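Going in written order, the chains are labelled A, B and C, and every chain counts its residues from 1.
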Amino acid sequence: MTADPNSVSQESITVTTPDANPPLPDSATSSAPAPTVQTEAPSDPTTTTGRAVTLSGLHAYYGTQHAVKGVDLAFSANKVTAIIGPSGCGKSTMVRCINRMHEEIPGARAEGHVLLDDQDVYAPGLDVVSVRRAIGMVFQKPNPFPTMSIFDNVAAGLRLTGSRGTPLKERVERSLVGAGLWDEVKDRLHSPGAGLSGGQQQRLCIARTIAVEPDVILMDEPCSALDPIATLRVEELISELKSRYTIVIVTHNMQQAGRVADSTAFMLNGELVEFGPTSQIFTNPTDERTEQYVSGRFG
Amino acid sequence: MNAVDDMTAPTPPSRLAPISARRRRTDKFARGMLWAGTGLALVPLALVVYYLLSRGLRAWSWHFFTSDPTGRFIGDPGGIKSAIIGTVLIVLLATAIAVPIGIGVALYLTEYGKRSRFANTVRYFIDVMTGVPSIVFGLFIYIVLILSGTFGGFAGWKGSVALSLLMLPVVTRSSEVVLNLVPSGLREAGLALGAPRWRLILRVILPTALPGLVTGSLLALARAAGETAPLLFTAFAVNATTFNMGQQMNSLPIQIFNDVRQAQDRIVDRAWGAALTLVLMILIATLLARLVSRRSRTK
Amino acid sequence: MTTETATSRRGGRQIFGRAAPSRVPDRVLKWGLTTLAAFILVLIAFFFVRLYVEAQPAFDTFGHLGFVTGNEWNVSQDTYGAWPLIVGTLITSAVALVIGIPVAVAVAVFLTELCPRRLRGLLGTLVELLAAVPSVVYGLWGVFVLIPRLKPVTQWFSDTFSFLPFIGGEVAGPNYFNGGLILAIMIVPIVSAISREVMATVPAENKEAALALGATRWEMIRTAVLPYSRAGIAGAAMLGLGRAIGETIAVTLVIGNAPQIGSSLFDQGYTLAAVIANEFGEAASDPIHRAALIAAGLVLFVLTLLVNMVARFYVVRAERSQRIGRGERA
């Protein structure tokens, strides 16, 4: 179902030191954020449409509460990276910083750099709308627009951004096919999206996200509201999608991380504890806390 | 986002291209319209307040508050003493009628009726009462209390009854909301102690909800104080000050209504002075209501 | 251990025994409150019946339909047809809605989605203050400030756009438009307050979904906020309409009180509520005039009742669909 985690090229993975300090190869100390952050060489160019994402010195706050404390992390293009950690460790917050959804919460702010390839998402003067256009997001609870039909839900993003060339209908169909939902809904495209089952709704949301053709898809516990069978469908879908997108998935379910992710990051109390190939994180972690967590001793 | 500052955006981001000029214009235009709409809504308020102050203060004097209207069209038109006293008495009596009944009905709805069919019917008709125009209440009281002849002619207390009909739905609805906010844990704790329900209501529920009940009653009072229509053919109007609620009574709204229609500068001035007085009285009641609710929230 | 058994043994009889006397006040309270609630229902029924009975002479003379559709309201000839009043009520209310609803919805959207948090409380309070100004004060202001200032503007408008239907000709000082404008000001606070409540219930997930697709703030409002709150806004508008129809004193002062159907928006007119406020004093001695005014009150009552029932239908539907929406996503 998933790609063999061991196939991940080692040089694209950064392993953190136990105290969650500067993780990037060749970078110096955590106190001074590196002006530029190295990104790994692009993967096989024939499959690359996704782009690498690099976080450096990322801090996030809710008012005075410090939720993400200086995370440095590199997500390889066209790979699935899972973020695991106990509730409240800041994993969702960190992911929401990547497409700047974090700042939509009143009182919330973020500091640091998030690079999409070599472009800083937090560059001054950059339009936040264009960031979200390039970095899509799937949320914890399926959230189709309740007033729209299935078709309109998928077309919503396209209508906003203005579909380029290809007719709307084709793009919607392609997205629904891409989300593995086409066969189930093709006869009732104009019935309300809210009438679908939870799992179908979540795949509808994925279709809506891929319709605007982002480079990166962030998934914030996309299966936590779904039953096991629906979860399985979404996980299969994730594995198919990674050929075209870079995927970051937050999950509280370690089995899920093991099934879908090429590499896995473990977070605790707002800090990145360890990052490496999924197999290594689960079988042979270097940090004691990671080991305790993956073996189910806390969290 | 301090960290961003030391990072100059290298090249104009290609993938993070800014959104189309048309979309940005639409967004700006729509936001501008929303700003403008809100501003537009406040223009009348500013104008009303400005004219009330500039014209009203001019009319104010010691004499203005301490003398009754003379009823003369030439020379000194007199002040508004009888109107102020009349308004205070009529509104206080209306409150004394509406508040106990309103809270009683609300208690029935929250403590006994709950979701029963009868309770829902009562709720429905309370809502219906909210929508009844105030002048229709005036007509009704005229028919029942004056036309029938059993209670004599125009009288201050009949004006109070008409106003209390107006206040009743406001008091009931706001009290129901507040009573529903009393934690059910408190009710259960009381009942589990073996307290009879009436004691529970008197000792626990009413005291807990008291600030909210006071707020709702004060807001209803403020609304009733400005009403003219129900008083037109119930309390009617006389010039002289009276404390006898069985007699015809003057009131501020009626005084203003009658003065507006006199083409006499000094009488119109009195209308502005009376209007400023009335608005200030209503404002004080409203402020008091807010103060009570704020005090209870901080507690 | 020993004390426990002791109390329970000792208390067993006593507890049940003690319950009986204290039940009396409980019953009194319960039935007292129930009677009070029933009293409300009786009151409204009585209300309706009495209005109808007192209006009967007018209906007997002109017929039910004849009274409502009669085109002439002439006190000196004792001829009473309410049609000009109904038309006047509808025109002023329509003007109020056309002007007031967009402004009220703009206020609501602005305050829930755009306004900086620090300003929100202040602006919200200011808009609510519009509702604290009594009707008679709006009337006073309308007569002495609004009408004289507005007249040149409306005259210019009337001349320039005279090719439009119901526009053109000499502008009367007091007219339908003035009435409608004052009503618009008066309904903005209630409509925006209810719209705000409805918009506040739009789930954050829906708004985030739109933003995450790369929607601008306005596009987010258009795709997530407005469609979701449509029913609630419709209900708020209907409640505003109910207010506008029943509003009396301010309109009485600025509409001109001419019992005719004006040929333009800027003609003098009359409304149901205004006619009652204006003529009741002189009608007390003339039974048929009085009955006609009470009948006008009854028509007004029924009209507001219908409007409020529709409004309630929409608001309840909005609440219900939101509850279901939340339930599904929970």
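Here is the rule we use: a contact is a pair of C-beta atoms (placed from the backbone, for glycine too) under 8 Å apart; a residue touches a chain by one contact, two chains touch by 3 or more.
Just so it is clear, the model here is predicted, and its values are computed rather than measured.
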Taking the touch definition from the header, please name the shape of the chain graph: line, ring, star, complete or other. complete
Chain whose Cα centroid lies at the greatest distance from that of chain A: B
With centres defined as the mean C-alpha position, give me the chain A-chain B separation in Å. 52
Computed distance of Cα centres, chain C from chain A, in Å: 49
Roughly how far is chain B from chain C, going centre to centre by Cα mean, in whole Å? 14
Junction residues of chain A - those touching two or more other chains: 129-130, 133-134, 160-161
Give the residues of chain C that touch two or more other chains, as numbers and ranges in rising order. 214, 216, 219
When you check chain B against every other chain, which residues touch at least two of them? 19, 23-24
Touch list for chain C against partner chain B, complex: 15, 22-23, 25-26, 28-30, 32-34, 36-41, 44, 47, 50-51, 54, 102-107, 109-111, 114-115, 123, 126-127, 129-130, 132-141, 143-145, 185, 188, 192, 214, 216-219, 221, 239, 242, 245-249, 253, 273, 276-277, 280-281, 284, 293-294, 297, 300-301, 304-305, 307-309, 311-312
Any idea which chain A residues touch chain C in the complex? 99, 101, 104, 106, 129-130, 132-134, 136-137, 139, 141-148, 156-157, 160-161, 194, 205, 208-209, 212, 225
Parts of chain A lying in touch with chain B, wherever the complex brings them together: 33, 35, 51, 57, 109-113, 116-127, 129-131, 133-134, 160-162, 215
Sort out for me which residues of chain B touch chain A in the complex. 1-7, 9-10, 13-20, 23-24
Quick one: which bits of chain C touch chain A in the complex? Just the residue numbers, please. 117, 203, 205-216, 219, 223-224, 227-228, 230, 321, 325, 328-330
